[in-house]
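Listed next: structures, encoded as structure tokens.
After this come two complexes, each holding chain A, first together with chain B and then together with chain C.
Up next is the complex of A and B:
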């Protein structure tokens, strides 16, 4: 009995001690450490993209910390699996964003981004999001990963016109969107459609499907029936790869040219159905395929931190490195302006608008963020899948500002 | 006209795949009266095992088939032995919920293993297209449809001519009567879970041959359940019929109604069919009508 009492007393003492010590450590930590909250989908439909992207960001943060941090300030990486679920994302945001150490965050879901934008209006915290044009149209604390979806679509329209002319075809080409039935899937046409029509490209009725779709025969057959010359495919790989698998099986790839948006075939797709992907064009704001394999910075990070063979590296890894470079530059800018002890969310927000022109070693385009710009860069590259490899067919080309063409509410 | 034929033929091919998943659920229900949700996962794990042996271990197709079926048999036996057997004598609803728990637990493992990516073994099997009735048909789908027909024929012969099959039929009729004739009902339960897991694996491999192994694959088990309910939970013929019917309905309705309503018809077609069939024939198309004597 007496022994039990002593045991309990010791437990209580330990708890009391912890209670006294923890406020001290967190107070000390605030000055020397800031945190990046990564609300990412490590499982579910977009995991094929976000797992490599988040790995890149985490590795970049590790490398910064190994060098002693940004001017002595270390960055803590907090990764939460949100499973492409808006409710989970909001819940995780509410849980983790209470901590003042969290000075910036990232999410990978457009629908969740739209919801979080409203929640963070009062107390802005920098949030990086994939490519929704609305964040450029309504300036705030949301910064895209690259040019917006409509900008990429507009760049594709330019490429389509060039391709059409090179093939010596007459009349105007037609294009249709085949993508997920959600806010992301429709986004490229808000401004993208206006750009296409301005350039004389006919935009056919989109075919939208649920994220978990396993077969695409019906949508593809309808697009063929509608006479599409080009199909712009959305979704996250393996969606594009699976669409190409079905298109090839239906014999549609001879008459229709398929072009993927940013999240199309990566090392995953080319290992699954290389023959079906043959000839698919991909628009990208980050290095992928052969370009990524040969990039020194990506090689160094992948082999140092992931310790895996280069052929296993997914191009999405470049996105994370790009995000990491922007974060480091913004923290550096804020330290320069206000010192390491005043790294608040407001200061980081201001700094993200100050890093215009930052060179990101060619992994992604130079930073375009500015007081009136929320898109990360304004250049894209075009790739084609050939013999199971993703090879570049253009250099970096400017992505037109299609967001400005849309009438936003 | 050609469009309609294409939709019907593609629907038939998909329907055959649904029917195989439904067959596994019907097998369990016939003997145990448990409606199983776990078969979506048994199907997915079976397909994953086939992929692992064929692609990762680079073994020939027959070896991959044998090892995948052996793995699924073990999975079926384990599910019965550790999740279902302790519930014998308990309300059937508890058993139903247990199959749901098994589904969720295995789903977590499945999602973690795939990490949002997908795997495929299509490159290791015959591919190409053939023209039939003016419709271009992928060989992968024809092979899968062929597997479906062979499977149903095999099951029909199994229940008619084998001792275990006859024992299962007797158990389905009445557990106590079956026991009194010397049939070990517990061992029949075990056999039925093994057999249904093997059938689910054949369905899973056929499905994955057409659609790859991707995170939503286990959820096709839900569609299998709908097919089983539409066909009648005790009827294998009903499962085949309902599967083909659903495949055609999904494709034709989506083909013609999607442009009118703006899309999504394929996703709701199964539930509309289920609702209509249950309103008219509550025991399904070929299900047994239970007469309760008061």
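Up next is the complex of A and C:
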């Protein structure tokens, strides 16, 4: 009798131990589906920028799954609408923090990125973020969507010098930043300023304003008085559209060249306010305007999955396709290294650093991620708004590494 | 008969251990506490200037506390799936294990007022669908410790408009 009792107890304890061990096993060996958590703004103030990018990523994942997945491993797309709210982003992250199926994630906000960087320090998970140079300066699990903001600013300095020379101007040009008054609005000068000064371009005092500002006369007037030859405009469109409207009304566009950072006018913005944006230059790490409309890959994906006319496609769709190609390549690399049953966060993190040079069909530049590189690519293109269209004025050009010039804490 | 009793004990023990082993979120019995300031409020634009605050104690020094609202059955919030909590605020836990977290204007507008947004990035209060009056459970969770503390927030009926 006693022996029976002990036998039963041992049997059930064995089951219990299996139960305890299984979470570890499931965290290390995942079934043949992995997930990407997209903490994006599907509604809210910057949805106009983030929805196209998230749509591109979701569609690319659909296409991978329709082909049977990556070597048989399907990808689940989990989209959460964070509505431009950091608390919501952290809360949503918490919900999935211990889900081993989620092997990578993406966010669209610089402040949320800074918080999540701390929260994921001990258990790194690949997190894609817009363009904060800090993630390149302090290497970790955060990977930018394109060249960092300061790299784009440095590329703009090179373009400014070329433009200045072509116009036959003498002396050194000056440039000023006009952008949102937050971490994002200051980021481009952390290394970008050093690059400009190294190249002999004078950087004037920035004019920073609260998001949601509708009238820019005061900031523009101050920049004109300071003698700016070029103004680098940050913010998410329609910020750029409203700034150009006021600059045109004040007669400033004749003497000052306005250049937008990544989040400026897209095909949608120019179709709504073509006259206001006329002449604005845009630096971009993804195809936009005419380039995007004519790109075969973008046409194929947009018409297949969104089933909408091409004229409704926002260039930001290219960002998502680029992110999707990187994700697919990283999963493929991880499968090659450890097999399809061991796709952990750690392995995907290692693989993101292994896909250097991946060609992304020209919708964005080739992948630059590497063990010591967190910027997605090294190239940008310049565009100009002309008669309501966004026309390329350069081919892909190098975005210099400005992050390295800044003294980071 | 006794053999079956032992079998039952074994099953219960196994199930209990499996539940503990599989639990995704750490369940930490501790002395964490949460206070909501104010714990009763009507929804008014004043909450943008003077937002609801959450004060917590008993968390792990150096961690981040995220404060969430548990949605009662029948109450929906735009973009929040059923069964999901709504993130309201977050704060850094100090070396004494305490934190203070204020709701950001975007959080107050998104979750209390459920506002829409214009293309110029302005809240469109005309399209707002404020949370219904009632008592809402608030939970603060330390990350990564998993320590939790609970409190309530009562959303009051709006004051009747006075005729001028």
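Convention: the second predicted complex is superposed on the first by the 379 of 409 C-alpha atoms of A that agree within 3 Å, B and C clash if a C-alpha of one lies under 4 Å from a C-alpha of the other, contacts with A are read in each partner's own complex, and residues count from 1 in each chain.
Here, a contact is a pair of C-beta atoms (placed from the backbone, for glycine too) under 8 Å apart; a residue touches a chain by one contact, two chains touch by 3 or more.
The shown structure was predicted, so the numbers you read here are calculated from the model rather than taken from an experiment.
S.K.: Name the contact category of A:225: first (chain B only), second (chain C only), both, or neither.
M.R.: first
S.K.: Touch check for A:40: first (chain B), second (chain C), both, or neither?
M.R.: Touch partners of A:40: none, neither chain B nor chain C.
S.K.: Would you check which partner chain A:87 touches, where first means chain B only, second means chain C only, and both and neither mean what they say?
M.R.: second
S.K.: Counting only touches as set out at the top, which of chain B and chain C does A:245 meet: first, second, both, neither?
M.R.: first
S.K.: Check whether A:181 is in contact with chain B, with chain C, with both or with neither, and answer first, second, both or neither.
M.R.: It touches chain B, and chain C stays clear.
S.K.: Classify the contacts of A:212 with the two partner chains as first (chain B alone), second (chain C alone), both, or neither.
M.R.: In the superposition, A:212 contacts both chain B and chain C.
S.K.: In the three-chain superposition, say which chain, chain B or chain C, touches more residues of chain A.
M.R.: Result: the larger residue contact count on chain A belongs to C.
S.K.: With both complexes overlaid on chain A, does A:273 touch chain B (first), chain C (second), both or neither?
M.R.: first
S.K.: Could you tell me if A:54 is touching chain B, chain C, both of them or neither one (first, second, both, neither)?
M.R.: Neither chain B nor chain C is touched by A:54.
S.K.: Overlap the chain B and chain C contact sets on chain A and report the shared residues.
M.R.: 42-48, 212, 214, 236, 238, 242
S.K.: Provide the residue numbers of chain C that touch chain A in the complex, in ascending order.
M.R.: 2-3, 6-7, 9-11, 13-14, 16-18, 20-22, 24-25, 64, 66-68, 78-79, 84-90, 103-104, 106-107, 110-111, 116-117, 119-122, 141, 143-144
S.K.: What part of chain A is in contact with chain C in the complex they form?
M.R.: Residue positions touching the partner: 1, 4-5, 8-9, 11-13, 15-17, 19-23, 42-48, 81, 83-92, 94-95, 97-99, 115, 118-119, 122, 211-212, 214, 236, 238-239, 242.
S.K.: Which chain B residues qualify as touching chain A in the complex?
M.R.: Listed in rising order, the residues of chain B that touch chain A are 3, 6-7, 10, 14, 111-112, 115-120, 122-123, 129, 136, 138, 140-141, 210-212, 214-217, 219-220, 251, 254-255, 258-259, 263-264, 266-267.
S.K.: Flag every residue of chain A that touches chain B in the complex, lowest number first.
M.R.: For chain A paired with chain B, touching residues are 41-51, 181, 205, 207-210, 212-215, 217-218, 221-222, 225, 236, 238, 241-242, 245, 249-251, 268, 272-275.
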